[in-house]
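I've put the structures underneath this note.
Look for chain A in each of the two complexes below; its partner is chain B in the first and chain C in the second.
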Partner chain A sequence: MASTILLDIGFMAMLVVVAFAIVRLRSLFAIVMLQGVYSLVSAAWFVSLDAVDVAFTEAAVGAGVSTVLMLAAMLLADRESRPVPLGRQIGPLLIVVFAGLAMFYAVGDMPAYGDAHSPANSYVGHDYLDRTAEEIHIPNVVTAVLASYRGYDTFGEAVVVFAAGLGVLLLLGLNGNAGRWRAKPNGVRVSKQAAPAARKRPLPADAPQPMSAPAATIMTTRAKKPAAKKKKGGSS
Partner chain B sequence: MEYFMSYANLGVALFLLISMAMMLGRLLLGPTLYDRLLAVNSFGTKTVLFLCVFCLVIDRPDGVDIALLYALMNFIATIAVLKFFRYRALDVSLLESHITDRDGAAE
Partner chain C sequence: MISAVFENYHYSVVIILMMTGLYVVFSSRNLIKKLVGLSVFQTSVFLLYITIGKVAGGQPPILVDDGHGGGHGDGKDHHAEVATNLLAGGEAKVGGAQHSAEVLYSNPLPHVLILTAIVVGVATLAIGLALVVRIREVYGSIEEDVIADLDHRYNLEGTAD
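Coming up: the complex of A and B.
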């Protein structure tokens, strides 16, 4: 429907805003949140573009898993990033501009939407479309290709993803050891305390408080002390 | 009547989009991280609603599955963030930590 183009434009504008905010913000926690929002918006946009299966993957991986993984990685690092000097931003900017221009140049060679003579539709695509119904007996051709025609390929991919997940879990140390193994922090706002799971003994006397003092300083990105006090009083 | 309904659905979708943009503003400006957390959570809810409405607009009920998945994912992400704030680790049993919090000299 042509009228949904308004929604597409709205989503793309939101994506641009979120992307610029991710680049400009210094608080890593806010950046993790914004990455979750970016993935939510892009998945909604994929639905609006009628790519429901891509949106499904984006929602599961981008919004769910990667947010948690980014948070776990933040346990090992600083809570705020330091600003990059202007001289070191020129090179990446040039690379990005060049890659973007190259993509725009490549758009002209792409086949039209739904072109019956495009490479994707001319060779094995026809066979899949013709024979899936009688060979596999399921209506979705994409699922038939992934899970049946290329079943071994998909199985190998699953093994690779599993190995990668194991490596990530070992690196992050999700069992609470992250606080002890932290690589040398270069900031002052990192708490030296290990996580309760790693301590193996009762919490100290200030445990019933909503959060420890370093955590409270992390809460307020602009380091507004009175605001933090008010928040604490209101919540208890 | 059907014609009117499709435009009504589209209008609702646009309004949801606008409210998502407002949430985005709170997310960017929010002075404390609690504001940002609430904004993200509310943004996810708005996305779920938007997907449901949009499935009515384009007359394809597949998207409701994604809306369900979003609702679950939103919840998981919020729980993970809150656990991160409270315990600085993600592998903490909520039940046990609750007990030790009540009386610090447990065990």
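Coming up: the complex of A and C.
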């Protein structure tokens, strides 16, 4: 029991240190990697909190997939974040401090940590534990609730993931238009750095978009862009 | 209130983590750093839910088979006495409640809710990152003030021509 408490305190300390480091750092690569570390440490804490299914989902999806997604977006976007002037940090700090104080005030009404008779732990969760062995015949209660009792919920989750994938495909223009769209309000081009793929192969503004360009070549030109931009580093 | 904050220090630490993530979302101008802050905030909310569902002395909600219980016999005695202490009221239910009357499990319901939330969170994160990449293509920057400045200078109101 005491060892579990020590583990919990260790995980909490690591999480706080990593979160504060994310606040302070400016290199986007370091920030994204620390986000993966944060997810992994919280996955370890989930094991200590008896949530093993949540732990391996968080380790695979939170620390794995979302870190890869963020790294890819960072490569396509930027490597460094600009410093925020100090005067612009006071407002957010005040909001966060007041919200945190309100939540600390609400902690007084929370049930004690680990209370087996708290309202959250009493009714429905207890029924699932009682009934799963007879009704579903598998030992893992979380899987039983996820796939059987709340199967429609999981189906809706799959629909959400499908919609998100579709949205990403449409946004990134994998139909062959990647990097060819640029904003020209009132005939003015917004940024000289805009749309690097379009800059390499300039198109007339009123030309119909060619749909035949293979997506692979566009993807490679877009992937090359940050390396060319960061030529002063020259490491990769 | 102060004593409650220190007794339930798990909740307090999770609140600090949540507010740190919220601060990153509010204060940073870089869109990717903002999304990282949102992700930290989200993971901290998951921690809050799982912390509420924890039962002291409990086990992961995977039902223990009585057939080969010899492997963890010594631990079972401890859990059995805790369980009889805590569940003395609700014991006389159904015959099938025997499992949970002997061994104390943590609450499985927050685990299920958070499993769904993790996957949906990654889906929304992917959409947000795709939007960031598109913004970078058009504006050449992912800093909020630069984008707002360009919008203001060119009176850009979503006209793409």
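The working rule: the second predicted complex is superposed on the first by the 148 of 236 C-alpha atoms of A that agree within 3 Å, B and C clash if a C-alpha of one lies under 4 Å from a C-alpha of the other, contacts with A are read in each partner's own complex, and residues count from 1 in each chain.
In this section, a contact is a pair of C-beta atoms (placed from the backbone, for glycine too) under 8 Å apart; a residue touches a chain by one contact, two chains touch by 3 or more.
Every value quoted in this text rests on a predicted model; they were computed, and no experiment measured them.
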First (chain B), second (chain C), both or neither touched by A:14: first
Touched partner set for A:128, first chain B, second chain C, both or neither: second
Partner chain(s) touched by A:37 [first = chain B, second = chain C, both, neither]: first
Which superposed partner A:54 touches (first chain B, second chain C, both, neither): second
Partner with the higher number of touched chain A residues, chain C or chain B: C
Partner chain in contact with A:68 - chain B first, chain C second, else both or neither: first
First, second, both or neither for A:6, with chain B first and chain C second: first
Chain C-contacting residues of chain A that also contact chain B: 1, 50, 52, 72, 74, 179, 191, 193, 195-197, 205
Of chain A, residues touching chain B in the complex: 1, 3-4, 6-7, 10-11, 14, 17-18, 21, 27, 29-30, 33-34, 36-37, 40-41, 43-44, 47-48, 50, 52, 55-56, 59-60, 63-64, 67-68, 71-72, 74-75, 174-176, 178-179, 191, 193, 195-198, 201-205, 207-208, 210-211, 215, 218-222, 224, 227-228, 231
Interfacial residue positions of chain C with respect to chain A in the complex: 1, 4-5, 7-8, 10-13, 15-24, 26-33, 35-37, 39-40, 43, 46-47, 50-65, 86-87, 90, 93-94, 96-97, 99-100, 104-112, 114-116, 118-127, 129-134, 136-143, 150, 154-157, 159-161
Chain C-touching residues of chain A, taken from the complex the two chains share: 1, 8, 12, 15-16, 19-20, 22-23, 28, 31-32, 35, 38-39, 42, 45-46, 49-54, 57-58, 61-62, 65-66, 69-70, 72-74, 76-78, 81-82, 84, 88-89, 91-93, 95-97, 99-100, 103-105, 107-108, 110-118, 120-121, 124-126, 128-134, 139-142, 145-146, 150, 153-154, 157, 160-161, 163-165, 167-168, 171-172, 179, 181-188, 190-197, 205
Residue numbers on chain B that touch chain A, as the complex places them: 10, 13-14, 17, 20-21, 24, 27-28, 31-34, 36-37, 40, 43-44, 47, 50-51, 54-55, 57-58, 60, 62-63, 65-66, 69-70, 72-74, 76-77, 80-81, 84-92, 97, 100-102, 104-107
